[in-house]
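Listed below are the structures to be examined.
One chain, subunit A, appears in both complexes that follow, with subunit B as partner in the first and subunit C in the second.
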Partner chain A sequence: MQDIIDQLAHAIREAASHKTCLRIRGGGTKDFYGGPLRGESLSTTAYRGVIDYEPTELVVIARAGTPLPELEAVLREKGQMLAFEPPHFGSSATLGGAIAAGLSGPRRAYAGAVRDFMLGVRMVDGKGSDLRFGGRVMKNVAGYDISRLMAGSLGTLGVILEASLKTLPLPAAEFTLRREQTQAEAIALMNEWAGKPLPLSATCHTGGFLYVRLSGAVAAVRAAREKLGGEEVTDGTTFWRELRDQRLDFFTLPEPLWRLSIKSTAAALDLPGEQIIEWGGALRWVRTIADAQTIREAAARCGGHAALFRGGDKTTGVFHPLPPVMMRLHQRLKQAFDPAGILNPGRMYEGL
Partner chain B sequence: MNQPVSSRKPFPAELLAALMAKFGDRVSTGAAILEQHGKDESAHPHAPPDAVVFPETTAEVALIVKLCGKHGIPVIAFGAGSSLEGHVLAIYGGVSIDLTRMNKVLAVHAEDQDVTVEAGVTRKQLNQHLRDTGLFFPIDPGADATLGGMAATRASGTNAVRYGTMSENVMGLTVVLADGRIIHTGGRSRKSAAGYDLTRLFVGSEGTLGLITEVTLRLHTLPEAVSAAVCAFPSVDAAVRAVIQTIQLGVPIARCELLDATTIGAVNLYSGLELREAPMLFCEFHGTTASVAEQAETVQTIARELGGMDFEWATKQEDRTRLWQARHDAYLACRRLRPNNRAFSTDVCVPISRLAECIAETYDDIAMASMPVALFGHVGDGNFHLVILLDPDHPEEADLADALNRRVVMRALEMGGTCTGEHGIGIGKIEFMNEEHGDAVSVMAAIKKSLDPGNLLNPGKIIPA
Partner chain C sequence: MSATSTAAPVDFIRQQAVARALRVFLPEPAVLFEHEDVKPYECDGLSAYRQVPMVVALPENEQQVQRILQTCYEMRVPVVARGAGTGLSGGALPLGNGVLMSLAKMMRILDIDRPSRTARVQPGVRNLAISEAAAPYGLYYAPDPSSQIACSIGGNVAENAGGMHCLKYGLTVHNIMKLRVFTIEGELVEIGGEGLDAAGYDLLALMTGSEGMLGVVTEITVRLLPAPEYAQCVLAAFDDVNKAGNAVERIIAAGIIPAGLEMMDKITTGAVEPFVNAGYPLDAEAILLCESDGNTQEVAEEIERMKAVMHASGATEVRVSHSEVERNRFWAGRKAAFPAAGRISPDYYCMDGTIPRKALARVLLAIAELSKEYGLRCMNVFHAGDGNLHPLILYDANIPGELEKTEEFGAKILKLSIEVGGTITGEHGVGVEKIDSMCVQFNPLELETFHAVKAAFDEHTLLNPGKAVPTLRRCVEFGHMHVRAGQEKFPDLPRF
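Moving on, here comes the complex of A and B:
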């Protein structure tokens, strides 16, 4: 396996010396995500496999090219999971890609984001150096928290080689219910419930229904189920997987798909098109033909930001524009990791 | 204790005059104030700053940073001064920026379960403020630290096993950068903001990348039921095994602290408790009434099988408060064990599966030590401390303590752990940075250099020279 690392590091050093761009790629399931793809593809898929898994310790260390389904199967066998429920968008999705994209699934609002489960990374930076940050312990304050900075950095700071992640036990019981509810009612309920000791693990409003997943001890799930009422969704697991991987009908609509991350209590957004609400109200998927500025302003008014997730016109940028002082700070950070600026340039922002 | 080599520039009279003109009596060069800002709770030799300024707004902090920048003079953020690795020592002189007058809770958003505070608000002040909201902020280092300081040190406490550390609970920051510009990271939306997760970069940067002036924190719902218990064990090993089994069973225990017999003796004296002088676990369970009962039952069964005895419950709020205050005071209690001592605290964290072994080997070291050593810690996270009490009249003890610390750290690193689980690097652990991180330190140094090219933000901390 070391030879694969050597090859990756070599390719990076070569690219740095010639100032040619590289685009880091795992399974390619998120090629659609972010800015334009530039440069020669640098694949991580050969560097795969679980390195160390200590179920009793709730820690797994795996190589970046490990397909997510494979990793999750290994965990499931020991009754555990990645609690941030990463979207796959395809069976070839890799762990490295999931971390670099920084996307989390339905459980995120109740269990935490990718970064919250990152205990350490091994990576090759833009100079071709093989580096390790953090490790496998639950708490580590020895210096800057680089492993968490890598989550969501979209491959612009380095090639993730390995990650050590905290795992969690699969809940003993899981139950999905739904109630017919308007958007406004759903937002109010999601927020009201979030402040109660309920074993919520996912919420979603779509097609006039509020879906709720309860996870935890058998007794707690049963009690909550009685409290919340509604009807049982028999194939709950499928519903949440289709939501996570964007296979519900909503995601096949033709309009551009926007992802708005806003404060959970924000009222139903007044934008044309259809919407799905997730994460207790904090995540809004919007299929809309509204222009970018209108959408970004709507997000900003609700204390958040908007990203053009799929389709649409990417020429004005995909992610929420950064104020100049923030952009400069980003460039400085990028400089520290990738001084030649060869790793995934423009995937997050132009000039980065 | 490694004495940092420091070089102080003479403090420019012009800078002092400019600060005086702007801040008047909120600038101090009085000996007592300088002394107070040149030390923390560690045994590192004091290093007072040249001046202390007490800003009241973010804009004032930015102004101080700009003025000092013009003269190439370091600035050191100062919260409660409760850190334990010499974090706030002005080893290159400069201006200490005391943030304790920025002590306003700016906005509680009960429905969104978040709060924005100024950096100088302390954790106790915040929870006092939240008392009628049904919400609380769980992170509780032993000292009543400022939330700015806690963010800057990525602090944790007795609740981390359930609620995480500052890393998981800071949602956004207002930061003054080295050039005096002000940025806002993260925000009130739960997902991190657009771009890099800068919040995570500043959390734990110990004032070396920017000065935090405001912190937005995630709040938690007060549990429906809370129950605390203490339990004595025949050996530290048995107590640690009980913890490991609890964690491995996935019991969502909220607090799980080990105090060894020496520590219990100290705590009894200091806090007026009458606990059996044996290794003890202090535990707390949060949840619904039913789940608390279930958790407690599970842990009690585990404890009994390992010889646990004297299981005592504290369900009343005042009993629990007393118990946890005693736990928080453990460090201070241990310091009373030897008159006029200097105390030295270690802080390793190891994978939970190696914890029993690590602590057992550490006891072999303690057995050989000539000075009093107490052991306690947040064992649910794999993190524990030794408090080593040194007699200042016997300087050779400092070398012995250094050697003991080094052994403990090396053992932790070999086991896949870290030299510091929660206290941070400051100056005290700089010597281990290369050993723990290897080449990765050069990237941290590059980050420091690109964000603070003049090396004026708390210089000499975290990054080895």
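Moving on, here comes the complex of A and C:
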């Protein structure tokens, strides 16, 4: 396996010396995500497999090219999971891609995001150096937290080689219910419930229904189920997976798909088109033809940001524009990790 | 690094110039430089290191923070931020040629937003004050360091502080949403947001635990959690530390994530018992405190499972708290461990290595051997659930050479922590204290990356310089060699 690392590092050093761009790629299931794909493809898929998994340490260390379904199966066998429920968007999705994209699934609001479970990373930076940060223990404050910085950096700071992640036990019981509810009611309920000690693990409003998943001890789930009422959704597992992987009907609509990450209590967004509300109100998916400016202003008013997730016109940028001081810090960080600017340039922002 | 209390001669001309520049916009009492006024700031919780600052500035609001930074930046004066000064690694140790900026006066809770379960607070607010203010809403701030009655939330962010309950509820980094930060140049950046993520790089994570090296935090939005309905605690005694370690592993293997899981060894229980009268079994080699929270029935079920694991792991005694008073009494001893160390010894030195749990027996055994070798007693308190060890080495600073011996002992524990796959610091930070051990944990390229990150925020190295990340030259001088889990990772790299 060291030979694969050497090859990756070599490719990066070559590209850096010739100032040619590289586009880091795992399973390619998220090619649609982010800015334009530039440069020659640098694949991580050969560097795969679980390196170490110790269920009693709640830690798994795996190579970036490991397919997510494979990793999850290994964990499931020992009664554990990746609690951030990463979207797959296809069976070839890799761990490295999931981390670099920084996307988390329905459980995010209640269990945490990818970055929250990152314990350590091994990476090759834009100079071709093989570096390790963090480690395999739950608590670690030696040096800056580069492992978490890598989550969501869209491959612009380095190639993730390995990651160690915190795992969690699968819940003993899980139950999905739904109640007919307007958007406004759903937002109010999601927030009200989140303020109570209930075993929530996912919430979603779509098609006039509020879906709620409860996970945890049998007794806790039973009690919450009685408290929340509604009707049982028998194929709950399928519903949440389809939501996670964007296979619900909503995601087949023709309009551009926007992702707005905002304050959970923000009122239903006044934008044309259909919406799905997730994460206790903090995530809004909007299928809309409204212009970017309008959408971004709406997100900013609600204390958050908007990204053009699928479709639409990407020429004005995909992600929410950063204020100048923030952009400068981003550029300096990029410079620190990738001085030649060859790794996934423009995938996040032009100039990064 | 070995402890110092250097009295470098104060550059009075410079001191006057800086104080004058600050007094242009700060009231007179907010700029201190007389020896007796600045002396109280000479150290943080790691009192073996002392240094009187050239000037102390006490801002009351963001505008003042900004102007202090702008002024220092222009004059190229280094700045050290300070919260409550409870840090245990010398992170807030002042510089004799620098300004110490205390954020203690910025201690207002600006807003508690009940519907969105967040609180917006100034950096000088005490950790516990947030939970107290949120309590009427049935909410609380989860990270609960033992120092929570004193330490500031700004300091918690800078150290990524943890607490008894972080295995289940996370560290500071998992419980904050947004920061307002001023760079050394005095520019405001808002990091994070009111949603669950933000555009761009995860600077919220990068800032957390950065030990005041990247910016000065002036406002924090924290996430509040609903207070659990009910909690109970199991106290289990073991006649062998190994058995206690195994019990910890079995709890996790049973799929239980306890709300708290702490271990204390015999010397610790012996030290705290007279202090708190917790009723600990004093003949036990180790005791575990294992907490469950949730709804009443869930807790009842989980406690049964915990008890079963403890018995199966060979516990000699298992008790369960049956009231809040009793539960608090179980915890009281754990919370009093540090002060108790101070009672049975003139000085103590707290280590903070984190190790994979399975290495516990090996590490504890090695610590016991080192304790004999150095002739220094050592109490072991342990955030067992997440592998964070706090060996407290007991020593007497008045005995010549004993502090040096203690530091050597400590450095060996840290080296061992790295060798078993752990880290030199779980929650207290590197500061000045563990800076040489950083050369052991990271190779030169990794250290260079840290310096590059620092430079991205602070080109002229003016914010808390000399802390957290050693220069490569320093690593050479101290002759420390990078090790990783017992093996040399880059045999081909030049050794500095």
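Basically, the second predicted complex is superposed on the first by the 352 of 352 C-alpha atoms of A that agree within 3 Å, B and C clash if a C-alpha of one lies under 4 Å from a C-alpha of the other, contacts with A are read in each partner's own complex, and residues count from 1 in each chain.
The rule is simple: a contact is a pair of C-beta atoms (placed from the backbone, for glycine too) under 8 Å apart; a residue touches a chain by one contact, two chains touch by 3 or more.
Just so we're clear, the structure is a prediction, and the values are computed from it rather than from any experiment.
Asker: Could you tell me whether subunit B and subunit C fit or clash when both sit on subunit A in the superposition?
Answerer: Superposition result for subunit B and subunit C: clash.
Asker: Does the superposition put A:56 against subunit B (first), subunit C (second), both, or neither?
Answerer: In the superposition, A:56 contacts both subunit B and subunit C.
Asker: May I ask you to decide whether A:218 touches subunit B, subunit C, both, or neither, giving the answer as first, second, both or neither?
Answerer: The second partner, subunit C, only.
Asker: Who does A:320 touch here: subunit B (first), subunit C (second), both, or neither?
Answerer: So A:320 meets both subunit B and subunit C here.
Asker: Give one of first, second, both or neither to describe whether A:246 is in contact with subunit B, with subunit C, with both, or with none.
Answerer: A:246 sits against neither subunit B nor subunit C.
Asker: Return first, second, both or neither, reflecting whether A:294 touches subunit B, subunit C, both chains, or no partner chain.
Answerer: neither
Asker: Taking the superposition on A as described, I'd like to know which of subunit B and subunit C A:261 touches: first, second, both or neither.
Answerer: So A:261 meets both subunit B and subunit C here.
Asker: Name the contact category of A:132: first (subunit B only), second (subunit C only), both, or neither.
Answerer: Both subunit B and subunit C are touched by A:132.
Asker: On subunit A, which stretch or stretches are contacted by subunit B in one complex as well as by subunit C in the other?
Answerer: Subunit A residues touching both partners: 54, 56-59, 102, 108-109, 112-113, 115-116, 125, 129-133, 135-146, 148-149, 151-153, 157, 168-169, 191, 194-197, 217, 219-220, 223, 261-265, 279, 282-283, 302-305, 307, 319-323, 325-326, 329-330, 332-333, 335-337, 348-349.
Asker: Mind listing the subunit C positions that touch subunit A in their complex?
Answerer: For subunit C paired with subunit A, touching residues are 113-117, 137-139, 159-160, 162, 166-167, 170-171, 173-174, 183, 187-190, 193-203, 205-206, 208-210, 214, 226-229, 249-250, 252-253, 255-257, 294-295, 297-298, 300-302, 354-358, 383, 385-388, 421-430, 434, 438, 441-442, 445-446, 449-450, 452-457, 468-469, 484, 489-490.
Asker: Spell out the residues on subunit A that touch subunit B in their complex, using ranges where they run on.
Answerer: Checking each residue of subunit A against subunit B gives 54, 56-59, 102, 108-109, 112-113, 115-116, 125, 129-133, 135-146, 148-149, 151-153, 157, 168-169, 191, 194-197, 217, 219-220, 223, 261-265, 279, 282-283, 302-305, 307, 319-323, 325-326, 329-330, 332-333, 335-337, 348-349.
Asker: Quick check on the complex: what are the subunit B residues that touch subunit A?
Answerer: These residues of subunit B touch subunit A: 109-113, 134-135, 153-154, 156, 160-161, 164-165, 167-168, 177, 181-183, 187-198, 200-201, 203-205, 209, 221, 223-224, 244, 247-248, 250, 287-288, 290-291, 294, 349-353, 378, 381-383, 416-425, 429, 432-433, 436-444, 446-447, 449-451, 462-463.
Asker: Subunit C touches which residues of subunit A in the complex?
Answerer: 54-59, 79, 102, 108-109, 112-113, 115-116, 125, 129-133, 135-146, 148-149, 151-153, 157, 168-170, 172, 191-192, 194-199, 216-220, 223, 261-265, 279, 282-283, 302-305, 307, 319-323, 325-326, 329-330, 332-333, 335-337, 348-349
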